[in-house]
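Read from first to last, the chains carry the letters A, B, C and D; within each, the first residue is number 1.
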């Protein structure tokens, strides 16, 4: 914990969650659950969810008017870091993406009907959801290029399109779909978000895309999805027509804080594994691995980089709390690439410290190595955020590099 | 190909092999074969092996007195690079580790009996083998620390020990085991190599260790093995008693050339995928990914680093051909860490260029990312080779940093 | 400024100082003053000091009981950053090392007599001082190895020794010398600090060591000094006998905050120069340098790294204010190498952005490039701090790597 | 030396030159000559030139028809590396830029009259020359943007323009000036090269630009020059009208080999200093600096990188010898940025190894650090070469990124 950002909430919650993770989730980190399908572990995690409820730790992300604790983003970020020290933490506490983002969005913008039908069971953990935005045919760096169309036909939307990386679609009860509804509007006013139940005959889960050797299933899946003449009620619209990008932006600001804090949790966990290994592995008679300067360098650089990352993210979260995400778009871009690169370096150093054991599924590190490589890609690749940040800075120096107004939408 | 190292052999072989790979092996790079067990693809590859034989390309690594082409190490390195542009290349051409190393070793040092029984079918591809050296209890950086013991009992060895990363053990007909036979000798004269058939009741394949999400099987496996009162004929000894480390060193010099050239092949293949993606992926209307300077930077740096690596390795192979491995131990250490780091950077840049698709098993890159992380660890971790190289250099300046004579054995 | 660390003091002072620097010091950054001897500019800076006094900005670092503002370390750090945006800032405000450290030390530990004779005129800017610790014969990484001896002879010390990097000795009125006074004590209780007037016949300024092409003089000098039977009153001792290392540590904690904040100021200034250049330099007709992604990458990465550094340092300063330096030794080690490396990267990128002009003395960058390379060396080299940090961390994991208790003294 | 590139010439010359450097030039590396003006050392070097002549080592770069040895570019590269192990090597052997480039150019393209008047005394070392191409108003990355005009007026050229980085102009007898002579031609056929004696009243040496603290003079200078109605005979034209860029390209191919080999020589020298320091500097009682893994890492990585660089450059030189520079433009771009970055890393590591002494002018490293930072900028900045290389590669994949045909001229 970083003293300057600690609050009564975090001082109370963080140790309790840490204890819970340690007792209930760390023992699940075995080769069996770190490879293959998520469904193997999901049943067990559902039992753990009961323990979370009993401990009064369910729904940590909810606002006070939702019956939650009303944590600030900066506080929840600190909670999220601890949850991330287990790969099963967020799921067990029902704070996992994309559900957490869908919950927040629907709470603010969905009709009461939609809330009752979808949001309530989602908050209870009775169903899961997915978010269907990215398309294989178009570069993610420019989300205003989108092929999925939703055409109004009386009281219904008729949706046609092709998506992938619709994460967690397998087994989800519904998807929040981003589709172009107003093709003639300005680029970032073209799209809307619409709720689509996955049992709709127009919704086809083509496949769970195999990622880094792991097709997985259930919450762990990343689906390719096809929408074919998919008809849903007009009222499944979230917010208003053309608000899709605005809502995506609203989602992405906190979403990036969540991701970044998750990466920091992963980095801390990897750091701990690395230090423990260094302190206990004998490399020569009487000489521990941690006495080697190369390993000391790994440890020292990781410590500095993790701390720097946490300070950057919590300060950004704090500023979002104070000023709103729009005011700190530059900070959000900066943490996205800074922290994503940090976590991959730390995981890599930890693997190197473990030697051959580090690439086995006997330790958690290989799991992180495979599953977090995407950190530098999704939600805006390194290159997109660097460009966006530099362009924004250069504007203060009188240079407008923006040739395509749509190009920045991907940011916060 | 690098003109200064091209010979008649490489000028003839390289294009033919390249064509073979392109026609017969690249089409197998589908999600189906890039995930899960190797046995799924092995059956198909066995058919491809027939085509290799028909093309007269079987046994490329053999010396003239074995009926082969007698390629120099520098020539075979160039062949090996091309084979590595498919993850199935070496296996299909029966040049795969650890069999290639076992073949060379047995050809030089095994008895005629052992040759007839094991080497001949191995050369024909009728059986497979494994090499059993690394132990979980001892750091790989110091191979003279070894717990496996082989005690002579009349005409037999009785072997007891615990190994892991006995690669390809699953389905292998025999293992070449490194065991301490002379515990009282000088550290690097303690061990010997012994052939152990895997159907021996004292040979237990405990498990195929899951590596980066992939337990695999068959040639793709990395086994944990236990030897319990494992009795084999005394004549299964390769070379003489106490020659284990000497033979390991003899194996490692060329072995590192093989690995390095394989990594260069992987890097070239990844480079090609990256360039093709950059040239054909539209990121904005009318703007290809390859027009972005960040991507151009990836391409330019990769090109320079791959070429530098190839020159380093072929020059080292050439010098081994001329002077023997012992004379160029420093060069061998240098290429081991230099090239291992290069290939991981190039694969990483290619993934970044592909964006989200890069982490899927729809392209080969994720496979390389997972399976080659070990490059910086096995056969001497980066840190071991850097230390060994620096120590050797500093000796020329009058500083002897060697406190432990055994410590350098791991090198060439 | 970083909002979470802003106080009434910094909100008032920072803009005023920024304005002062911009108006009075930036115009002095010409080739004339950026090359050659410091004395060329010192005369002008002495006039500027009058303006500082008139503006009521003299003595910003002093505690309330010294008649100052009583800024916390965290507040003064923020002031120090702004001062550092000119290479002449700290000198003009009389906050420059090593005088600032000597002032603080003498204020706390010197006798009233010493204070009257040396501290008062130092605070007024009427004299300058130097700090004489490093010795050419011994590695700076282990300060307990020290050859300079001070032997008591009645009411006097007789000092003999050889020092270098006695910065600013040229023209200084006195030196604070670190000398072994108790050779038989425990290593870090051997040395003491003693005030030596430079007009003492036993004090010989051997030469101003030429650094990066610049022997300089006056405050800009780095002297080699020889003490030969140098006799000073016993009461010139600061603190007690054997307190030398303790005082050095006390000095180094805040001293590293000062250095780090100075580097951040330098980085910010370089960043600003880089951005201005990028926004205004045409590279092709109609295409500004800042439209190139490589340059955007420089800008984005620098922005993130500078912000991360500032947060790290101010958080450390804040924690020193709250808990004392001893409690945050690890944080101090981390910022020392983290920020020193950052500033050199940012300066380097700015030079690259300027192209050929960047290596000329027409812009400030070449000055920073030359004069700040030492950042990664002095006050504990990167390697020393990384090792110290890792060792301290590993102790929490049960590994004691400390074979030489003295080795850590160099830290805070 | 790299065995695969050694020839009878290099086997004979390299040890002799190495010996000469060691005996006659290394002793001049004192603070006195490593700071301040080049003229201080030039007088001594002129005496050393006599020794070069006596040793029969004068004019190593000349072709056989010029009475030289007719070294290939690959052979001369190896000579150049050795010369570069002293900062005074090239000058002493009269192989220094820009004279070497001017000699080659004039030998091939100048009239007999020009040769007699300028080339002959230049080859004898009786005069010096400069090359006047870069302009402060235009980005060096696009040399077809050029403001200097030469207008024909009867039998004369009238030249007007503003140049900088006209290196070595101070004291030179003549300049080779690049000026636009055919403004309406295609971009890279606009300019010509013209000989201008520096005593021409239209030639004004505005100043020696201070570089990294060092305005220098004589051969060590980098001048700003103004041409004002500067009239020279029409026959001072080198080659034909409009051939300027073609000649510049012809010059740049070998020129980059020269630079790269020079950097490799610098890296080798720095490496040697680093190793010697590591082997002899005690950091703790009984513990040498070279026993620290961080330092071992510096040494090992430097060794690998220097060797990789040398192989890259000599292979490129070899290929230029075989196929001409035009055929290996990609290789030339690759070595330019690869080697420039390498040398700066090696120098930096050597400085770090020396600690405080490394930034003093008591050792050569600070000189290299200051004077070679430009390596990543001149003759095409890193960014320019990376872009050019990537564009050329991507053309093979069907992508033409070239919007501005002139943009690549800067390469070779």
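Here, a residue touches a chain if its C-beta (ideal position, glycine included) is under 8 Å from a C-beta of that chain, and two chains touch if they have at least 3 such contacts.
Computed from a predicted structure; not experimentally measured.
For the interfaces B-C and A-C, the C-beta contact count is higher for A-C.
The most distant chain from chain B is C, comparing centres defined as mean Cα coordinates. For this pair, chain A with chain C, the centres built from the Cα atoms lie 42 Å apart. With each centre defined as the average position of its C-alpha atoms, the distance from chain B to chain C rounds to 52 Å. Chain centres here are Cα averages; for chain C and chain D they lie 38 Å apart.
Among all residues of chain A, those that touch two or more other chains are 292-295, 297, 383, 386-387. Across the complex, chain C meets chain B through its residues 292-294, 297.
By the touch rule above, chain A contacts chain B in their complex via residues 31, 34-35, 134, 136, 139-142, 145, 164-165, 209-215, 281-285, 289, 292, 294-295, 351-352, 355-362, 366-367, 369-370, 373-374, 376-378, 381-383, 386-387, 404, 407.
The touching residues of chain A, counted against chain C in their complex, run 2-4, 275-276, 278-280, 288, 290-291, 293, 295-297, 299-301, 303-305, 307-309, 311-312, 315, 318-319, 322, 330-331, 333-335, 337-338, 383, 385-387, 389-391, 393-394, 396-399, 401.
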